[in-house]
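One structure follows; several queries about it will come next.
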Amino acid sequence: MASTYGTHLRVTLFGTSHGPEIGVDIDGLPAGEAVDLHELDTFLGRRRAAGRAYATRRREPDLPEFQSGLTPDGHTDGSRLHAIIRNTDTRSRDYRELADLPRPSHADFTAYAKHYPPEMMAGGGPFSGRLTAPLCIAGGIAKQILARRGVTVCAHALRIAGISDTPFDPVSVGPDDAARLEAQDFPTLSAQAGEQMQQAIAEAAAERDSVGGIVECAVTGLAPGSCGDALFDGLEGRISLAVFAIPAVKGIAFGAGFESADLRGSENNDPFRMQNGRVVTETNRHGGILGGIASGMPVLFRAAFKPTPSIFREQKTVSLSRRENATLTLTGRHDPCIVPRAVPAVEAAAAIAVLDALLAG
Amino acid sequence: MASTYGTHLRVTLFGTSHGPEIGVDIDGLPAGEAVDLHELDTFLGRRRAAGRAYATRRREPDLPEFQSGLTPDGHTDGSRLHAIIRNTDTRSRDYRELADLPRPSHADFTAYAKHYPPEMMAGGGPFSGRLTAPLCIAGGIAKQILARRGVTVCAHALRIAGISDTPFDPVSVGPDDAARLEAQDFPTLSAQAGEQMQQAIAEAAAERDSVGGIVECAVTGLAPGSCGDALFDGLEGRISLAVFAIPAVKGIAFGAGFESADLRGSENNDPFRMQNGRVVTETNRHGGILGGIASGMPVLFRAAFKPTPSIFREQKTVSLSRRENATLTLTGRHDPCIVPRAVPAVEAAAAIAVLDALLAG
Amino acid sequence: MASTYGTHLRVTLFGTSHGPEIGVDIDGLPAGEAVDLHELDTFLGRRRAAGRAYATRRREPDLPEFQSGLTPDGHTDGSRLHAIIRNTDTRSRDYRELADLPRPSHADFTAYAKHYPPEMMAGGGPFSGRLTAPLCIAGGIAKQILARRGVTVCAHALRIAGISDTPFDPVSVGPDDAARLEAQDFPTLSAQAGEQMQQAIAEAAAERDSVGGIVECAVTGLAPGSCGDALFDGLEGRISLAVFAIPAVKGIAFGAGFESADLRGSENNDPFRMQNGRVVTETNRHGGILGGIASGMPVLFRAAFKPTPSIFREQKTVSLSRRENATLTLTGRHDPCIVPRAVPAVEAAAAIAVLDALLAG
Amino acid sequence: MASTYGTHLRVTLFGTSHGPEIGVDIDGLPAGEAVDLHELDTFLGRRRAAGRAYATRRREPDLPEFQSGLTPDGHTDGSRLHAIIRNTDTRSRDYRELADLPRPSHADFTAYAKHYPPEMMAGGGPFSGRLTAPLCIAGGIAKQILARRGVTVCAHALRIAGISDTPFDPVSVGPDDAARLEAQDFPTLSAQAGEQMQQAIAEAAAERDSVGGIVECAVTGLAPGSCGDALFDGLEGRISLAVFAIPAVKGIAFGAGFESADLRGSENNDPFRMQNGRVVTETNRHGGILGGIASGMPVLFRAAFKPTPSIFREQKTVSLSRRENATLTLTGRHDPCIVPRAVPAVEAAAAIAVLDALLAG
């Protein structure tokens, strides 16, 4: 179930939610890059979010252990970086029932249909959101390397439960937005929108229900032509492959995305002009990518997250052992909304995809 | 600029719009599979669409030549299939100006910024929609192999210029829809919508403008658990990587997609039930994919196409040689809407991705 | 420094001799295969060989810990198998001097020239023979899977210090030889040759010197056409790539190998004939491989091992820090002959290469 | 049957001896490298060797056509280089009988056992020595790129029919030897040895028989640490994988190779010393590779070629259709010794492997 992304930077996620450990192997990191473990931990903390109203009550420190790839003084040594997070609080008994009664719109049923032995997959396996923790280890390291090359990756909760945050400015988004977002407890540009979102999440939770949302992500500072290419090497496809690894993502759109489908060319095209000796575009409906290649404008995309499928109302399902209709009422612990914790995971996926594309040249 | 997709079925597109030939290499095809060249040509004809109002006036037969991989009686022989299409009508003079004045929202500028020597990329190179012809060769062969395994791939123009076609029924879409669409000149389920779309395209062309749209695609007949997996091996990400190889795609969404972001879990979840001894879902907002794996329900996705960037109005751009602002008024030939011709390309991309995933097991 | 072999079975070795652990990741194992840990430990014991006269005095249990990939009842579960061996007895102080005074004909100098930071590579790093332990974990599992498919892999010390063992019979070698060799303390077919070899090793050690040798390996039970292919997919090249991963291997030859270079075609060709309805060859100078593909006869090859470069006599070298000539007199512990312990490593490399080729079909 | 070598430089050979064309795809070539087509043709001419006594009577110009990858002025453009050689003189009728009566020690039988449809493989398919022509196109280009980086690749016929040429000096071999060999009609350092070899080949041919031999190859000018790595990334294994793609190679040995197996460490180790500020070794039994990494000394290896299996005497074989013993007396045209024409193929394989390793860094 290990799963690998990338050609020049190769990121392999392994382990399962209820096994002894999860982790990540990273091959292809340039040697001699500093890895600031404190900064990395701050980044992982944005995903962990323990104790917040919207997060699962499962508490795990999720501290990574680096077993190879770093020198004693914290630089990459050119070898495979191997990092693990031990699973210390697994409660697998919560999941026994799921082996027979698959949760609607969750991976229980398809994991059962595909894997051997099917009962081991119940309750998450590699399909759990916990695997975004090692994704964030890789992404956090990639973000640090990108930052030293002038590239910033930042994301926010653009929409939750129908409530919208202020969108990024497509032309001027950059390090200031990143700094502003890192200072927030809740990942929105508008503090008011963030409060409304948290209230809506709490209401859904009180009704034993869940909500979805949209994450918007920007990658700024990429030089024109610095990464991406035509066809299967395009940045849109490469970023999508990384982002869809995050559970619950059901759609992705770059720049004006689905809205551009209803525009005319004369409305959608972004005029070029010279600015301080550089070629820029006046608007950025193309989302920083033309022909699969970075145009030099901010790379911008939005990822749609479905509501958490694990809700605590009675639901219709089937018994896989008895091959008959059944009902399921979940107990246990599940986030009523995974969007806030997914924000750093989206940054991580984007950072990995972009660093891989930059190393490919 | 050759570009390769896949791990078990490996599809490599090569050539440029204005070189002597374009083509495709396919490795990993099972041996002994019949390839019906007449059926393949019918499929390629749906992309060619010469003479239709909405198509470019450039006329090329686009007949593939198979140089290896097929036995004399038309079966795959287990070796690499190498097929080319000769470029017979290139008129590269149309493109000389573009080497200096990049078209807004086209790949001219980024190809210039990335490739050596930059002037050779002008006017398309590997970024041209012509590369969807070899994509369709591979996809047409994949569709035939899938059909023998009970898997149907079909797509239609769900939306063009703001006009909507009848969407697929998410639960019952299947071979009947495919047959119905193959009988149409214009790829819509509703003939009336198709006529309105063609009229809107003609109006935009008359105004020297272009329009975009949305293609909806269904893959039906996949057994639960038959393909896909967690994380980077999920069907959503794998299909996206293939679909974003089609120029002008800016977004993709599976099942309820971006709409599911505004739903609650109780609204979005698809209940399971038994039907004739098989596990099915009552609704299909999950788009046939759970945890990255085929659920057995139709795989459903929508791809957003921006309007063709090549329009015939004066546009603001820059002169790359003089490093100053400039204007550009295109002449030449470009589709005012590529969506109808993109429909088989989306089918091709989906067929390649799904066959690769099935072969991976 | 992680290093990966294979396309369908992918074996990645990681860790260094003097870090906290070494190990192996195996992707692509078929699911549901029993792994007999007792049998595996017996195989690893042949490599460990602690306490024998010819082995290093370093004692490590080298027990693998399986952290993923196995079900509780010991079957492969289709996921990545991750196994580690903890380094408990590292004594890195022995190696500090080597960081400046590279041992002649050892990897100290080239590791220094290539890697960052150079001093971390001293004394082995990934170049140590200890990495053959995780190679043997992967190979031992591959051997068990092959055995269930009727394929036997066995090897012996054909030559050490100029003393020759009885070679395998090229036509009839098979499971009987494997059983006979597994019953030996020292891996020779002739007990007398084994005793003479051990005596010669002891003599070299007494003289603070080392000796080399040749390992002969047979893979029997492969059906004609079952694995391998032309060009870069030939079994000779694939097996060589795996075998040269074992430190100290300097040559490999299949069948009659270098001797066939002096023969005429009429002497070297192996006539075909029918035997019990099967096509066989009367002789086997082709070593079971024709055109890179298994012929159905035993696959036979010989691997040449140079003498251990770590000897305890004064040797001429250079000081890398002072850039001047120097001398080096090693202390510490090193096998005076690694050939006996390399025998299972050669089996492991062959088993991995052949299983990968069989899975590729 | 296309077959790919390499990770950073990827060389794919395709086509069959008796199809319309053979060729090579090269991905990963640095952009902007000059390709001297005249020099390349001279290199290919060394393989072609039409009209020489030892060569097949089949005459083909074997001129490559470059269909992509080169700019009009002969530089690599960063895209996939696609080159083909048309097969103009195929005479497939010569091979019909071989579909039923496989030649001893040739690939006829194993190709039949493995491929679909079996009869298409008769008489060579991808197993023919003709595939060394596209190998030499890739290798000839790699040699030119290496030469601009100060790296020389040269090889000679060290041994044919039991007659030995002067071996390379392991320490001082270099560009002078390359120049000397390129001036020869027959690829030996000693003109006398070359004449004797040609006479021995003629004698074998007169007796309807064939002979084998050994090619020695040197790669000089590699900086210490510039390429190769531990384990599966070692230069020995990487070079072997490329060299075994040449039909008839049955063994390979680096430096002292199989002879080092009989030496003691004190005899085999190569002392380091400083020379003009660089670390060198006094002798070069290690063949320029330590720990899989280039040491800075000449990389030296020998490849053993079996005698051509296609001889014109009556041989014992089987009828595959009748499943019974049979005899075969070949007619047609086959080199009585492929070693002279294999010399540039060995250079090509080495150049590809070394350039790939250099690009991997």
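For clarity, chains are labelled A, B, C and D in written order, and residue numbers in each chain start from 1.
Everything that follows uses one rule, which is that contacts are C-beta pairs under 8 Å (C-beta built on N, C-alpha and C of every residue); 3 or more make two chains touch, one makes a residue touch a chain.
Worth saying up front: this structure is predicted, and the values here are computed from it rather than measured.
Student: Where the centre means the average of the CA atoms, what chain is farthest from chain A?
Tutor: D
Student: Using mean CA coordinates as chain centres, what's the chain B-chain D distance in Å?
Tutor: Here chain B and chain D have centroids separated by 42 Å.
Student: If you average the CA atoms of chain C and of chain D, how many Å lie between those two points?
Tutor: Roughly 26 Å, centre to centre.
Student: Quick one: report the Å distance separating chain B from chain C, using the average Cα coordinate of each chain.
Tutor: 48
Student: For chain B, write out the residues touching at least two other chains, lowest number first.
Tutor: Within chain B, residues 1, 115, 126 contact more than one other chain.
Student: According to the definition of touch, which chains form touching pairs?
Tutor: Chain-chain contacts present: A-B, A-C, B-D, C-D.
Student: Quick check on the complex: what are the chain C residues that touch chain A?
Tutor: 1-2, 12, 14-16, 19-21, 25, 27, 31-32, 67-68, 71, 75, 77-80, 82, 115-117, 120, 126
Student: What part of chain B is in contact with chain A in the complex they form?
Tutor: 1, 3-5, 13, 102, 104-107, 109-115, 125-127, 131, 159, 161-162, 204, 209-214, 223-226, 228-234, 236-238, 240-245, 247, 249-258, 260-274, 277, 279, 281-282, 285-287, 289-296, 304-311, 313, 315-318, 320, 323-325
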